[in-house]
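Labels for the chains are A, B and C, by order of writing; each one numbers its residues from 1.
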Amino acid sequence: MPRAGLDRALPVWVIAALVLVFLMALPLVWLAWLSVSSEGGATLANYRAVVADVALRRALWNTLVLAFWVGLASVAVGAPLAWLTARTDLPGKGLLRALVLASFVTPPFLGAFAWVMLAGPNAGLLNTLWRSWTGSEHALVNIFTMPGLVFVVTTYTFPYVYIMVVNTLALIASDLEEAAAILGAGRLTVALTVTLPMVLPALMSGFILAVLQALALFGSPAILALPAGFHTITTQIWSFFQYPPKVEQAAAFSLPLLLATALLLLVQKRVLGRRGYAAVGGKGGQRRPIALGAWRWPALAACGLVMACSIVLPYGILAKAALSRAWAQPLTWSNLTLANFTFTFVDYGATQAAIVNTLELGVATACVGAALVAVLAYVSNRRLVIGHQVVGFLALAPIVIPGVVLAVALFIAYTRPPFVLYGTLAILFVAYLTKEMPTGYAQSDATFRGIPADLEDAGRILGAGRLRILRDVTAPLARSGIIAAWCFIFIGVIRELSASIILFTPATKVMSVVIFDLKEEGQFGAIAVLGLTMLALTFGTVAIMQGLLGRDVLGARH
Amino acid sequence: MRPLSLLLAALLSLAGVAAAADDPRLVEAARKEGKVVWYTSLALPTAEKVAKQFEAAYPGVKVEVNRTGSERILQRVMQELGANIKNVDVIHTSDAGHFVLLKDKKLLMKYTPAGVEKFPAGFKDKDGYYYGLRATVNAIAYNTKAVSAADAPKTWKDLLDPRWKGKMVTAHPGYSGVIATHVLALVNLLGWDYFKQLAGNQLMIVQSANDPSGVVASGERPVAVDGGEYTFYQIKKKGNPVEIVYPKEGVPLVISPQAIMSFAPHPNAARLFSDFTFGRELQQLMADSEGLYTGHPDVKYPADKPKLSDLKLLNVDPEELLKRNEEIKKRFVEFFGA
Amino acid sequence: MPGVTIKDLAKRYGDVGAVQGLSLTVEPGELVALLGPSGCGKTTTLRLVAGFLTPEGGEIWVGERCLSSSAGVVPPERRRMAMIFQSYALWPHMTVAQNVAYGLRFKRGLGRADREARVHEMLRVVQLGGYEGRYPGELSGGQQQRVAVARALVVEPEILLLDEPLSNLDANLREEMRFEIRRLHEEFAITTLYVTHDQAEAMVISDRIAVIEHGRVAQVGTADDVFLRPRTRFVAEFIGKTNLIEGVAESSDTLVCGRLRLRVGGGLVPGAAAAVSVRPHDIALAPAGGAPADALRGTVTRVSFLGDSVDYQVAVADSDVVLRVETPVGRRFRAGEAVALTIAPGVCVALGAEEGA
């Protein structure tokens, strides 16, 4: 009889899988438990309190309104943009793609902050210009309103729809559209009757992703909704932590958000699974760009407007604020200063510590995270442990947990024995690791899918053990994919706000939290400086990643 | 501000004077501890200035400044205690109620900084746990480019006029102790109905009591219905078109206490820091460059600031502030929405 | 040089039994093809032999070593086997020489110079001398195939496993490589299992063919055996074209199907239902006019000219049997024409009952 040849690598797989279960299960169990706990044992009182409170019901409603309109607006912006850049002879497509990528990686709270300076009803740059041009007494736009909030959130959310649609359009052969054109359909008719139905699943899916983003967002509502006098679920959960804290109610208020996101993702999976890419199928034939004719320039202008709103104007005003004494005044010589930089980097002690913390956390989370998702994706792809399907599911599961909810759960789980991590960078590390896992996992999964198991089997049958093969074959082939996962996680960490804002302590501040703190005190110059620093870090990382992958982060090959 | 030259000036003048008066054993013990952690609601640039001065006077003892709103500071401290984290040495907020609470919970260390005996009564805890580090009043401010002096609101009640609809800004009592104190003082004077009506004018809501000054200066909203008077004063001194109104009904006086935590991880540095911050030089600095009032009897105030004695002051009892803390936050949110 | 013995092998994927009770013996130095349609379990069997999978039942022996049983498996790296994959599975980040040399790293007592010499020699054998520094991506499909062969042979495995190695090549190259693989087998005489779904490939390359059906061996034998003497309907139908005629055995050598009586070589059970297989090219056609009165008659219903032969469909008179007939090009019949059919007794093969059918 052969000895039961126990795989020496087995402990590695099992430990990775257990770490995953632990990361996910502990906080969520605590969250659920605390939401029904009181001093007198189990109770539904917390839920009753949540349901009965008019202010909370209003926050819930505001969130629904916000998410719905953001979803719709993201489709309205993202889908045409995707079609124009993927299928037409629009000029400057490369630049447009780069700008969409830029708005994809821009931290939404920075965008929101920039838009305060651009479209505050009185001092906002756009409104000041509007008044001086038209002589009007009234503001052109007021960003501190629900439509304003929807606008700003959409500005950084439409790339989700864009990505889904662009990648689907890339799979549809022109033949199908041309077949319709030969039958006498006009361009618009073709687009509406042939192209649109085929990208409908992608649109639906993009809509849901956009809604999810809007549901989970904390920074933008905190910056735009609170001054306007309304709450969303996330800002409301955050304010439960004010003294005296109502953590139980926060837990009770978190679960509906959790369920909503889980449900939406389920729907999305259904939509994609049923008739998504499968229906589109095949590599298709040649793709010939559709001639826009006279519409080229109006279309380009529309795209330019979108990009102006998401990138050019916000980045411009941030740069201006960083360099001026008073951001609302014109950038004259007397208003020009580097004082914001010296204040931010030299005088303000918290900044340096925060930058160090952020980088430490970014690097640590990215390293551990990339290694963990690599192992998990490998385990699940190669079916190395019993329940490998569960591994994949669990690694993707945190995507349903909004950052604020995750933070509440972690706060509950790690402020009490046996694991007291609150007050250390470790709790932020755990939060980031959990939160960024799905992105990293998806990237790693794609990487290992791209490495056929045959390549490993070929080595094993020649005498190499599994770990040896991992070193000689798998790791070199997966290298760039794993580094990409590293970059994804790193970018996610340095911009993370919604979980950090609940989990930080003064000794463990990160850049996003400092920016938020400065916002509450109205220190515009310093925020602009820190924001630009964060953007520089992000784009540096993106550049490295593009070089490694030979494609842009949005998924399309050059 | 040019922090480097300030620092230099501090090195040259202050250091020698301050250090000479100190107990060398305390200085040595503080130096061994290496740093003091200060949770403060003092406006950020001011707080950093204080820290730099202290570090210049006592090389080897660093000040870790954690600045946020008063209410956030209490939230932080309590959250940290809940997780058994002992991080903070010295706490300074503008909500006197906090100190009543912390004293009751036996979380404060009894310490009398040098020289505070001469401070007036409102600046001293009768049991000797905390002392007022600085004071300010809440005032109305307006942008002179947008509002003429004749049109400007003169009283708190003037703010209820519908012509200010959409033109005013308020800070938040859920964040700022200055504002929490302000709200209670006006509730005691005018009742909650005043705030209910005020909310009808659709105010922009910011968080910190330091923020309305910036909002008014930028013109985003021409009128501030509250805010630390010293921040208005500062921004006005910088040449911004801002004017301050001290309503006749009286201005809420906010005395911001400071205390050492009972569990302070750096107790000697904390004592040294307390002595330093309550010393005449620093108190004078707060009056000169920040426009704050202080309890120090020897401090001279800028000529262009009204004396506290010339103002009708609305005082708030710290005990009441503590008791009604939740009511203040809840009703404010109820009226203003967030 | 050991052989391979597979006993009662079983492997399930969920509810589906991919391999169910498969037994097979491969003699030392023999090349056996596992032939079957896709999904029959032949690749699963190969991967079980390689040790990539753990069987739920049965055993796999190589010589005196039991390598797999439901109790455990010797991992692939300790089986002294080599495998050639359908995808070739060349490592794209290694050069041709590195690919071929990889397996030698795990051979003890082999110096660097020895390794290089062996790699060099093996590349010469597969006619890839001079390609050492290339990367797989720079080679044609056929060249990649040769690298894969070299990588497998250079380690001098006890057992060689090939999983549809030729299916990614174009038709001409495929035919050429069949002979090439046979040549290499004759040169190295390694015990070999060769998985394919292409009967011509199996016939050219192998010593014996194991026809696999539903995870079992339906028949094992030489190419002659399985083609000329199929034992089951499945084998008869899978290997080449055939006519299946069902009826009742009148005696041990006569099958009756309506008015059609067929003389069979023997092997029928009198009185039982039975089926016989007749290859289309074993039936002769003649003009109906000159045929004897008792000759089997029919009508041509379809004619297809295939170049080197003619394919007819003939409806047998007074029965509902329709036969495919393939004749040399020469005398041609038209559709609708009456013909006489001649089926010699020796070409009718009685088929056993289907297992499990």
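Operating definition for what follows: a contact is a pair of C-beta atoms (placed from the backbone, for glycine too) under 8 Å apart; a residue touches a chain by one contact, two chains touch by 3 or more.
None of these values were measured; they are calculated from a predicted model.
Participant: Listed by label, which chains are in contact with chain A and with chain B?
Facilitator: The common neighbours do not exist; no chain touches both.
Participant: Please name the chain that ends up farthest from chain B once chain centres are defined by their CA atoms averaged.
Facilitator: Relative to chain B, the chain with the farthest C-alpha centre is C.
Participant: When the mean CA coordinate of each chain is compared with the mean CA coordinate of the whole protein, which chain is closest?
Facilitator: If one averages C-alpha positions chain by chain, the most central is A.
Participant: Roughly how many whole angstrom separate the Cα centroids of chain A and chain B?
Facilitator: A distance of 38 Å separates the two centres.
Participant: Suppose each chain is reduced to the average of its Cα coordinates; what separation in Å results between chain A and chain C?
Facilitator: Roughly 54 Å separates the two chain centres.
Participant: Averaging over Cα atoms per chain, report the distance between chain B and chain C in Å.
Facilitator: 90
Participant: Which of the residues in chain A come into contact with chain C in the complex?
Facilitator: Listed in rising order, the residues are 1-5, 7, 452, 454-455, 457-466, 472-473, 476-477.
Participant: Which residues, counting only chain B, touch chain A once they are in their complex?
Facilitator: Going through chain B, the ones touching chain A are 1, 3, 37, 39, 43-45, 48, 51-52, 63-69, 71-72, 74-76, 78-80, 82-85, 87-88, 166, 174-175, 202-208, 210-211, 213-215, 217-222, 240, 326, 329, 333-334, 336-338.
Participant: Where on chain A is chain B touching in the complex?
Facilitator: Listed in rising order, the residues of chain A that touch chain B are 55, 120-124, 144, 225-231, 235, 239, 241-245, 326-328, 339, 342-343, 346-350, 415-416, 420, 422-423, 505-507, 517-518, 520-524.
Participant: Hey, which residues of chain C end up touching chain A in the complex?
Facilitator: Residue positions touching the partner: 50-52, 65-69, 71-79, 81-83, 85-87, 89-93, 102-103, 105-107, 151-152, 155, 161.
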